[in-house]
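Just so it is clear, A, B, C, D, E and F label the chains in written order, and each chain counts residues from 1 on its own.
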Amino acid sequence: MSITKRLMYVNRRAPYGTIYALESLEVVLIGAAFEQDVSLAFVDDGVYQLVKGQNTTGIGVKNFSPAYAALGDYDVKKIYIEKESLDQRGLSMDDLQHLTWEDENEDYAEKESMHLVSREELADLLEEQDVVFSF
Amino acid sequence: MKFGILVNEGPYTHEASDSALQFTRAALAKGHEVTRVFFYHDGVNNGTRLGVPPQDDRNITREWSSLAKEHELDLVVCIAAAQRRGLLDADEAKRHGKDADNIAEGFRISGLGQLIEVAIQADRLMVFGD
Amino acid sequence: MATLHTVNKSPFERNALDTCLRLAKQGSGILFLEDGVYGALKGTAASEKVAKAAGEHKVYVLGPDLAARGMQEDQILDGIQVVDYAGFVDLAAEHDRVNAWL
Amino acid sequence: MSITKRLMYVNRRAPYGTIYALESLEVVLIGAAFEQDVSLAFVDDGVYQLVKGQNTTGIGVKNFSPAYAALGDYDVKKIYIEKESLDQRGLSMDDLQHLTWEDENEDYAEKESMHLVSREELADLLEEQDVVFSF
Amino acid sequence: MKFGILVNEGPYTHEASDSALQFTRAALAKGHEVTRVFFYHDGVNNGTRLGVPPQDDRNITREWSSLAKEHELDLVVCIAAAQRRGLLDADEAKRHGKDADNIAEGFRISGLGQLIEVAIQADRLMVFGD
Amino acid sequence: MATLHTVNKSPFERNALDTCLRLAKQGSGILFLEDGVYGALKGTAASEKVAKAAGEHKVYVLGPDLAARGMQEDQILDGIQVVDYAGFVDLAAEHDRVNAWL
């Protein structure tokens, strides 16, 4: 397929309480092979997916949070975090994993994947998409 | 216009699969194309042939199967989600050493790539879930 | 024709409607279906914000889901249009994309 | 079994959107055979379960609301509706089915099953139970 | 003390079955009795033997089965909820003319009366759900 | 020892915590587990009401669910006690009944 579409995955659920966060990430990783214009938005409880230091030993469930760090290698490098969602939860970007990607055109320089956006900016981004995935 | 349909919840438990079915019927009745119906998360449970709903209620799996037959719909169950939840076809059962399978007529098991593909090919992706 | 947003959650149980209203651009379409139809009713704790939204967006509600729940069309807020599944299909086709706030 | 326990079913979900309301009612009807001290509470979106005039023809789902009227015949006659939940939804008792039971000790006189209760009254009732079922 | 456990959601999809499993283990470790674990709504899906979860994650059905074996736990799947969702044992499959069954070792199918019974007999009913 | 209430829903997504706080008698036990543990944290939009509740009830949070979500014990509101699954069992045994606000 030679069509390139703008696909955005909207993540609004906390991890572990339900499977949506994990199975959404599985779609993103598989979808990366299709070379589309992909972005991820973390909104509402979805911001909790990226919180650092997750340790699932005590609940006996697989910790899938390290997989987000691989997104850059899959060329998924547009990750938007809604500021209002962080604020409501008393979180800042420092509480989240720092996701980056390496730019092979600039000698593999490490570049920023995470973008803090306001509700207005996120609303604009949503409006630019061809497809919005929600799980 | 081409529609792709994504169903995220199991039958009966959540109205999502009913809504998806009604939307699909209405789209076909208007002459639109439904390129693919993709079943993800608990949505894979729509594809079991072992369900025995009460006689005085709808049989959602049978409705999907007969709609698929009538309109040559492509009903695809996500393989990863299906394995986790115990929805297998004969090949999958054999591959994993299981002694039975339970997929219903008209459904096929395939990868998540089929969801991305229909999202790209269709004009609209309709998501039904919880 | 911008985005069609769908809301299938009760506004009293979940935050889906609030998030939809926070992130929908002015002039969007918003369709209430399934348990989301409770958001379309007059006289509830959610009516004021939905009435305001109906001034900024085109708001629709799925008739079959309303009827299932025993709600009559005269209980619907002014400015909200009732559609059936065929109308839902038309809305999805007319808008540029559909965003389901699950 | 000769133990008699106070069992309360707490219904907090709207009908049709999910199956909880229907499958909760199925438990109540089966449970009636055990001759316990049973009551039902309708709270939050659970009050929508009892709204009159439900017509599911258009969604193709079975209308189970007529089954509530049978509760009296099953000797389930303590049905509590939280006033705050009705108020929030702009509903009154007139919008709900009127459920009754027949008192065989009083020549089958029709008696009231529905009781409008405040949050404080419901909190007290919850505290008197041996078992609280929630689905 | 006697505990009854009610599980309302399917495995993996919701943390409820994990929580129920952890609670049951902890209660048994403290010397309490777990009179019965009752699976209702999508909880019946905990009882399928056809699930193939990823190798690097837990296998919830297998954990219930082995806990049941070790402690002679009574794992009961609601018959009405199970029929609706396609979870059958050999007898049920035969009765409904189905060509396969899918119940896992250590689970049995029975009526809702078993839930009421354990609610009455146990000192505490613990509900795990969505 | 009255009732142990359990809340397994995020206070930002659902109304379970609000209903629990509305209907719990003073002196109840309230345990946050699963996604409910987000209700136990400092500095959130829910903190004020939970802090108030911690003055009227005994409030607990399940440690394994906190750790899974990357939350540390110093992020917990004052007056909330962290328990493990064994502690959860003890709470259930000590109270007269358990009420799960699903």
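We adopt the following convention: contacts are C-beta pairs under 8 Å (C-beta built on N, C-alpha and C of every residue); 3 or more make two chains touch, one makes a residue touch a chain.
Not measured: the values here are computed from a predicted model.
Among the remaining chains, those touching chain B as well as chain D are C, E.
Here A-F and D-F are compared, and the pair linked by more C-beta contacts is A-F.
Two copies of one sequence, chain B and chain E, touch each other mainly through matching residues, since over half of the numbers at the interface are common to both. Centroid to centroid, with C-alpha atoms defining each point, chain B and chain E lie 26 Å apart. Chain C and chain D have CA centres that are 29 Å apart. Averaged Cα coordinates give chain B a centre that lies 38 Å from the centre of chain F. Among all residues of chain B, those that touch two or more other chains are 8, 12-13, 15, 19, 22, 41, 54, 80, 125, 127, 129-130. Taken residue by residue, chain D touches two or more other chains at 16-19, 44, 59, 61, 131-132, 134-135, whereas all remaining positions touch fewer. For chain F, residues that reach two or more other chains under the stated contact definition are 8, 12-13, 15, 34-35, 64-65, 84, 97-98, 100, 102. By the definition of touch given earlier, these chain pairs are in contact: A-B, A-C, A-E, A-F, B-C, B-D, B-E, C-D, C-F, D-E, D-F, E-F. In the complex of the two chains, the chain D residues touching chain C come out as 13-18, 44-45, 48, 51-59, 61, 63, 65, 88-90. Considering their complex, residues 12-15 of chain F touch chain C. Contacts from chain D toward chain E in the complex involve residues 1, 3, 5, 7, 19-20, 23, 26-27, 30-31, 33-34, 36, 131-135.
By the touch criterion given at the top, residues 12-15, 18-19, 21-22, 54, 56-58, 130 of chain E touch chain A in their complex. Listing the residues of chain E that touch chain F in their complex gives 1, 3, 8, 15-16, 19, 22-23, 25-27, 29-30, 32, 123-130.
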